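Got some structures for you, see below.
The same chain A turns up in both complexes below, where it pairs with chain B and then with chain C.
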Partner chain A sequence: MFYRQAGDFKTTYRDDIQTFPLKQDRWGYYIVLAIAFLVVPFFINDYWTSAVMLPFLIYAIAALGLNILTGYCGQVSLGTGGFLAVGAYGCYKIMTSFPDLNIFVVVLLSGLITAAVGMLFGIPSLRIKGFYLAVATLAAQFFLVWLFNKVPWFYNNSASGQISSPERSMFGYAITGPNADAPVRYLFCLTLLVMLAWVARNLTRGRLGRSWMAIRDMDIAAEIIGVNPLRSKLSAFAVSSFFIGVAGALFFSVYLGAVEVGEAFGINQSFLVLFMIIIGGLGSIFGSFVGAAFLVLVPVLLKNIMVNWLGWPTDIAVHIEFMVIGGLIIVFLIAEPHGLAQLWRLAKDKFLLWPFPH
Partner chain B sequence: MSPEILYTAEVILNGLMAGVMYALVALGFVLIFKASGIFNYAQGVMALFAAMTLVGIQNGQVPFSHLINAVFGTQLHHFGWHLPAIVAILLTVVVMIIFAILVERLVLKHLVNQEPIILFMATIGLAYFMEGFGDLMWGSEIKVLDVGLPKGASLALEEYTVGWATEGSQYYGMYVDKLDMVAALVAIALVITLSLFSQYTKTGRALRAVADDHQAALSVGISLRKIWVITWCIAGVVAMVAGVMWGSKSGVQFSLSLIALKALPVLILGGFTSIPGAIIGGLIIGVGEKLFEYSIGPMIGGATENWFAYVLALFFLVFRPQGLFGDKIIERV
Partner chain C sequence: MNIGSKMASNIQPGEELLRIENISLSFGGVKALTEVSFDIKRGEVRAIIGPNGAGKSSMLNVINGFYHPQVGEVWYCGQKRKGLKPFQIAHQGIARTFQNIALFKGMSTLDNIMTGRSTHMRANMLSQAIWRGAAEKEEIKNRRFVEEIIDFLEIQSIRKTPVGRLPYGLQKRVELGRALAAEPVLLLLDEPMAGMNVEEKEDMSRFILDVQSEFGTTIAIIEHDMGVVMDISDRLVVLDYGKKIGDGTPEEIRNNQAVIDAYLGVPHE
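So, the complex of A and B:
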């Protein structure tokens, strides 16, 4: 009834290719942005920031990155945890070596470092594919975590082997360190997420994104029609690792403040981000957001229900959480392999016609 | 002989033993992959689950006792019996068979004709589910598994080899765990049984037919679903054997499920479709990582066993993507 494309005329090519062709969608998007930037920071408290909002924003960046690689370019990666660690340790090294550098620049630089590392580990993808490649990316995961554990240079010889982020500020507000306020941290991550999502959206519908999708759909055919597999695969690895590196840097500096590599960036982290894009929807920007939100919220919800409400011990709650997440993965793969994003798409299609059946 | 050579020999020997353990897990992967084209990530968790079930049944633990206690406020823990190992093993086999049937009914049946990578991800989901389920059923604390396998260093071998070193050198003989030797024997027996089974029984032949060509097997009247259940049963039993071996070695705990990850590079080396490949791949990885740790590990900080296998597999893949014994990958448009 109210959600219609009728009467929404496109008079220029620019209008025709915009991200949200429907007026309602566009306004919905602006309203969400406005709420996220102008309303949420005034109501957010410490619990919500550290339990829900920050993990959501940071995992959404990581999921975007992995979705570019796995969803758009079809290269399955289980090395996300390792690349997050590269981002985190890169951020730490830059922060401590150049104390005057703006934190925003530091985060982007750590993304660039991760992009370089990602390209290095992406080289085997030129020869191997499918789960062979997935196993090969495990090498990145285990090797990188070991490297950051064993080489003291990376953690500046600190006795505990941990890295902890010094205080850095922008416009007079502390962003990292113990004095950072919840709304400031939230806004910093949100800004980066919106920027990166915009980049991802425009990359994926441009020439580069199309070459990724061609490789994903059938690499030999893509090669025959003139897509350069070397360039598209390595660029996918680079862009994806850049996103993941930024997420890792934020994860360490803004969210946790102090990390130990084996705990924070283990193999489970890789699976978690992979699950996010499966549940959210492979090859969908929106899906990365929904998947991240879903897998951040479900554990919080389950924990609240079981521990705070029913009073069960925490370990049982953790076990049931594992079962629920594993079960959900299977259910999603069976019922809707394209994830929540596809459900959303179907719902919108239905809504366009409502209340008429055809 | 100088002690250095003997030490190296000892490292190689221990590497071979470790390799047998990896091969045991890899075997389960190969079986399922050949019969259904599914790369079963949950194999390691199956081993963990089987080992937990075995310990739980043997000690008469009440399943889900933690949950029941939490919900009803009871104090249930044990039935108060101790079953002999052989009965517990048989009951565990029954549990694994039920598990195989359930997996086929609830998961695989609905995912027929999906891409391999989707199936792979489904088994990751399955692994997560089983991890939570196993912990919920039997509790997550580290358990001691004892089915009466010998443990500790083999003194006979130590005494036998101590004389090999040159006179006057500080050498105390080779250290080899008895359990590792038993594991090697069990692995050999298992491989022989499996190959006899697949060569000389009707079911075994059907299994090989399905592995060869699904469609052709279907057309001569072999029920795919039945074969899948059987494969998962066998993989479950192999997982149990691996779980028992690893469990007696280092206790039944969460890290047991990580051996699945160790089996992946083994498979890549050996090729996903070859049983001898799994064994030889396991041996190469076992020996390689022990030798690397022994010779180069001390220079770069040690604990290289965590990643060596993957990096080796990575380099190997670049040169031979199908593994040592795998079928050649042919691509068509």
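So, the complex of A and C:
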């Protein structure tokens, strides 16, 4: 009744191509942003930060990245874990080599390094498609993890083979290291996520985004109407890897603080992020957020219900958690193959007409 | 002004725009085209006809660089073409539609046609990421042009519909729109009226003739409906079994014995 597009006339093309053409959507977005920036930091504690908010924010960045490559450009990738590792190790090397560099710059530089590595591993996509490309990116996953394990230069010859993040601060607040406060870490990741989501939206609505989608939907026709397949695919790999590299840098420096490559960035991570975008919705910015939220929040929720409320033993709870999440994934995929974002879209379409069905 | 219109700027209507010289194309042992030569003059509607399997679509694929003939030359705007990729040829001002609709199914009508406009857009990645400023300005400028095409093809109401949901006739129209968005010098139409009813064919014929007269676009068209072809084209090429058997005005083709034989099925000796 209140959610209407009727009467909301667009008189310029600029109005028509904005991200949230409906007034209600726009306000909803501003309110969410305001709550995330101005309200949440005052209530957040350590548990919420490390169990829920940081993983959600960081995985959302990674999911955005993979969605650009797989959802928008149609190139399946199983190398996400490896690219996260590149971001993390890039971040570590820059942090330790240039201690005075601003952490924000360090994170962006790690993204750029990952973008270069991603482009390198994207070259096979010019020749191979689909499952075969997936296998080629799988090679990236295993090679990169192996590389960071085997070459001591990457972990500065530390005895444990781990990398751990030194303390770095911005505006006098510690962002990484053991002294960083929960709200500061949260705000740092949130700022990056909002910036990158905005960039993702801009790139996908313009010429570049259309050329990615054209390649995804019909690559031969795309080439014949003037889309350069080399440039489109490699730019998708570059942008996607940039996002994933930033996520990897945050994962290491802000979230975990110390990582061992095989544990933190294994093949599981590749699949987890892939599941996020499939469940959330391929080719949808919003879907990347929902997918990340779903796969981060539901396990926490289930664990809280089973262990804290019902008092079940932890090991049983973990197994049941696996089963429930697996079941939910299957249910969602059968009910709506286009992901949660599509469910949301359908619900909004219904609401536009409610309470009159025509 | 993009590369295509620059290349064609010194070629007057009626002068030769494209010349196919002695083209032979084979796939393994199958000869798709054998020693075919013809030309397309600027501003005309040039039809390529022939029975099924005559090599018409292969001919279009040679013209837009998707197939590379083993023998022969393609001259475009007075320049001999060599080693160009299909997307580079698109940038030179050759656009096409496909026999089996090749739209981008996941995208809206508007996005499909805007994609056809990409040969005219050059904002770099950084300015697109920031959006405000150069990229937005370019988007809006090109959107204005695309809206003219949407008006021209009378598809305003389906602007934001995903093309996968549109009926066949409209999809064909959107595909024509996508090709037109490139402001092509030479437009290749591969059976634009296949599977249409009489009314839709009339609409499409009107659009094609309007494109030719309003934008001065040169058109090469493959079509099976002889009534339509004879009506709208200035000159025809007839192919049969990969060989050229006729070339001329509709009147000449109508009286050409080899063409009549090919269509009626006289055994080849």
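By definition in this document, the second predicted complex is superposed on the first by the 358 of 358 C-alpha atoms of A that agree within 3 Å, B and C clash if a C-alpha of one lies under 4 Å from a C-alpha of the other, contacts with A are read in each partner's own complex, and residues count from 1 in each chain.
Criterion: a residue touches a chain if its C-beta (ideal position, glycine included) is under 8 Å from a C-beta of that chain, and two chains touch if they have at least 3 such contacts.
Because the structure is a prediction, the values reported are computed rather than measured.
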> Should A:Cys73 be classified as contacting the first partner (chain B), the second (chain C), both, or neither?
Replying inline: neither
> On chain A, which partner's contacts cover more residues, chain B's or chain C's?
Replying inline: B
> Thinking of the overlay built on chain A, is A:Ala115 touched by chain B (first), by chain C (second), by both, or by neither?
Replying inline: neither
> Touch check for A:Ile17: first (chain B), second (chain C), both, or neither?
Replying inline: second
> Regarding the shared-chain residue A:His319, is it in contact with chain B (first), chain C (second), both, or neither?
Replying inline: first
> Regarding the shared-chain residue A:Val151, is it in contact with chain B (first), chain C (second), both, or neither?
Replying inline: first
>> Output check: A:Asn202 vs chain B and chain C. Expected answer is one of first, second, both, neither. What do you get?
In response: second
> After lining up the shared chain so the two structures overlap, which partner does A:Met218 touch, if you call chain B first and chain C second: first, second, both or neither?
Replying inline: both
> Of the partners chain B and chain C, which touch A:Leu274 in the superposed model: first, second, both, neither?
Replying inline: first
>> Can you give me the overlap between the chain B contact set and the chain C contact set on chain A?
In response: 218, 220-221, 224
> chain B touches which residues of chain A in the complex?
Replying inline: 76, 123-124, 127-128, 130-132, 134-136, 138-139, 141-143, 145-146, 149-151, 218, 220-221, 224, 267, 271, 274-275, 278, 310-313, 315-316, 318-330, 333-334, 337
> Which residues of chain C touch chain A in the complex?
Replying inline: 64, 66, 85-87, 90-91, 95-96, 98, 102-107, 111, 114-116, 118-119, 121, 123, 125, 128-131, 135-136, 138-140, 143-144, 147, 178-179, 182
> Any idea which chain B residues touch chain A in the complex?
Replying inline: 39, 66-67, 70-71, 106-107, 110-111, 114, 116-118, 120-122, 124-133, 135-136, 140, 261, 264-265, 267-268, 300-304, 306-307, 310-311, 313-314, 317-318, 321, 331-333
>> So in the complex, the part of chain A that touches chain C is made up of which residues?
In response: 13-14, 17, 199, 202-203, 205-208, 210-211, 213-214, 216-218, 220-229, 235, 239, 283
